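Following this line, the structures themselves.
Two complexes follow with subunit A in common, the first pairing it with subunit B and the second with subunit C.
Right after this comes the complex of A and B.
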């Protein structure tokens, strides 16, 4: 195989597939990092909210609701779920001394319950919704699946939209201010409790949206949250806990490393490389690539 | 009208504020003096809702503030300029200021813009630097920003904690000029300040706190009261 063929048939599709996976991971990590940045809560149930989003889409899809409508409907339905979770599980333990450990354990417990509930309702088997955009396109002689191209595009739009809200609107300024200094934000009239539950719910809605968008590629099964959440946590740690841009850069970089490394070494080694990077960051640069939400 | 009666507050097991009574009328500036660690800052934090009172009442007009969340207290007309300014580092000067608009509910966007524009006229340096991150300003400018973002809310009661700390004399004069403006607008000001001589020039009355209690009260203009104040503080 000459160099051009290698580029066209091996390297380029691998880069695009890695990019699609990267966008998928970023979508899951985005909600996780926002929740961490604002509430200082490590949401271990984030992967299950992603799964709930996918199952909601499956159930509503079975009721003949169009996929394009689901992209809007599922996140909207996830909002009250996020708000209730924050009110009932996070807020009561939020002001305790061991907040980090308590919220981590509470959300981990919720994840276990959610997984079993999904299993009870939908059964343990894997289900795969039809691809909303079938077929493939040829770009510069490279054949690429249409839905993955769509995922990359919509992922970019979602990240840009979230970044716009967080960094360019008064609502975003309220979130960043509350993330940095809860008391001072409140003393300027920011309704901090509402901002907290709203942001948690927003993070959960983003996980749900990721569930809708990724199900046609990665299938739906009760433990689907576990697969992505490990990678999403890695991305959040490497990018900087609470940093939106950090999640984007780390998400795209790490998945490219995974994709390209598997061309030259056994794919078995890609996970150790990715998680080894996480460990290295925790040891040598625990703050990650970028700063936290609300910090300069 | 501010009326505080029998106020007590704790940090854990430490009893910091021990039965404080204090009142203020519109347009009155009250100096709160005392050595470090006697509870001056805690008194302001208790009024602002950062520390929950263990007992006692705090009334601003008809509203009872004790036990309310800080954002509710703010929207009832209380502004806080804290000791270390607490400028949000990830926010620009303008974002820090516009956040101050949250202090008043139901103000239209155009009214909000007009208030910000007035603030910029009063503090031209902030206008020049409005796109900079708040924490890149000098100490004096940050103090101006901390005061300006409270002024945006046009509060009835302003709690100002050590505003002159670490600032050059010219800036200190500017800080006290703002306190005077607040007074002229009819706001009540509780001013915690180590710089007693400068502070007395803008205060109407003063109290001295020791171990969480008011041990001396007096009129700023009264020579005898001032003498007693200096003795109490041993300045």
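Right after this comes the complex of A and C.
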């Protein structure tokens, strides 16, 4: 095999598959990083919200609701869920001294419950919704499934949309102001309490959206949230807590590291390599690639 | 001079003594009616109580939440299993497990102690996940099946010998070891070093001004916690005759955290009670539904939100009042959190 063939038949598909996984991870990490950046809350139940989104899509899909409608409908349905979670579980402990640890523990408890409730309602078996866009296309001699191409495209659109809202709208300015200094933001008339629950709900809705989009590739099962959550946390740490661009760059970078490393070594060892990358980042740049939301 | 901290630790010791009495009663009753199942279950509860104790040492005293303490539990268990397959010696297995855990904890501690707060929690979580996944895929360690067929050993203690296959005998051996770990932890916290840890949790920024190295205190705490987890883990294969990667999974670490929260953070004895309590609920609720996690999750969230001191928080003040000398008995304990609440929490 010459170098060109290697490039075309081994390297390029690996890079593109890594890119699809990267977009998936970025979609999951996006909500996580926004919630952390604003509220300082590590949402351990984020993976379960992702699973809830996927199951909602499955249940509504069984009722013959079109996939394209689900992409809008599921996140909208997730909003009140996130709102209620923030009001009932985060708010009561938000002003205590150990709020990082306390909120992490509360959301961990929620994750336990959510996982078991999903198992109770939908059963423990793995289910796979039909691929909404079947077939494959050939690009530069590489054959790629259409749905993965669609995922990469819509992922880019979603990231751009979220970045636009956070960095270019009045609403986003309120969110960033509240993240930077909530007392000052409150005295300037920003409804901080509403911004908090709204942002939490927005992060949860993003997790649900990721669930709808990724279910056709990665299947649906009650513990599906666990598969992505470690990688998502890694992405959030490397990218900088709360940074959208950080999440994107770190997500794509780490999944490429994983994809390319698995060409050279046994896939078993790719996880330690990705984790090692995170440790290296923590050693040399503890604040992450891009720093925090609202801070610069 | 007896201060409040010493007093509450003494109350913990009284509760620990109560636990020992209860365990001895169980051992007598169990051996009288020839029970195996409940004694084995109680032994397992005690082994996981050791893991919970290590989580409480980190969370309750240095303020570091570890979401991956099962890593050292698993390392202890695998080392012990490997040694027992070659040489069926209890003391060799325990020694090897301690040594292996210690070496791994130095590496883990160097990584995890670079950061604090939630980052610490996430790093420990990640470390355990990554190592568990590697073990899950190494064929020499039994991969996903784990290792089975670990021989039943005889534990030589001086002139006596107890078989690990004897439910009562092994239960008592585990009881002695876990209580020894409890006592060692309590002793460690009573030394000047222990007070540095307590100071660390109260105000980390001021500790260096007093001339103590924060990093060193955190590291020693981390190593001690890892050793406790490793030694507890080393007992596991002797009880069950197998080890599996599940011992390192997040669920194991998570259960230890749940035990600590339900029992009471920063009380040491709460970790032991919490672990026993968790095993009891699991087997009681588990006998009529598979979905016991919903109930445990609800209890856990209620514990975090409404009872920050856990079960022990209800009982220990009464014990304190009973054992307190007169000059401490009349005055009410000052609200410890009050001055800290006033401080603005920096985002």
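Heads up, the rule we're going with is that the second predicted complex is superposed on the first by the 294 of 296 C-alpha atoms of A that agree within 3 Å, B and C clash if a C-alpha of one lies under 4 Å from a C-alpha of the other, contacts with A are read in each partner's own complex, and residues count from 1 in each chain.
Basically, a residue touches a chain if its C-beta (ideal position, glycine included) is under 8 Å from a C-beta of that chain, and two chains touch if they have at least 3 such contacts.
Keep in mind that what you see is a predicted model, and the values were worked out from it rather than measured.
By the touch criterion stated above, A:31 is placed in contact with neither subunit B nor subunit C.
In the superposition on chain A, A:92 contacts subunit C only, with no contact to subunit B. Among subunit B and subunit C, the chain that touches a larger number of residues in subunit A is C.
In the superposed model, A:176 makes contact with subunit B only, not with subunit C. In the superposed model, A:119 makes contact with subunit C only, not with subunit B.
Of the two partner chains placed around the shared chain by superposition, neither subunit B nor subunit C is touched by A:242. Once the two complexes are laid over each other on the shared chain, residue contacts for A:230 go to subunit C alone; subunit B is not touched. Taken together, the two complexes place residues 179, 181 of subunit A in contact with subunit B and also with subunit C. On the side of subunit B, the complex with subunit A involves touching residues 48-50, 69-71, 73-75, 79-80, 82, 86, 88-91, 95, 98-105, 133, 135, 149-150, 153. Residue ranges on subunit A touching subunit B, taken from their complex, read 170, 173-174, 176-177, 179-181, 183-193, 291, 293-296. On the side of subunit A, the complex with subunit C involves touching residues 40, 42, 89, 92-93, 95-102, 104-106, 108-113, 115-117, 119-120, 179, 181-182, 226, 230, 233-234, 237, 266, 268-269, 271-272, 275, 278-279, 282-283, 286. Across the complex, subunit A is touched by residues 59, 63, 65, 111, 114-115, 117-119, 121-123, 125-127, 129-130, 133-134, 137-138, 250, 254, 257, 261, 291, 293-294, 296-298, 300-301, 304-305, 337, 340-341, 343, 345, 347 of subunit C.
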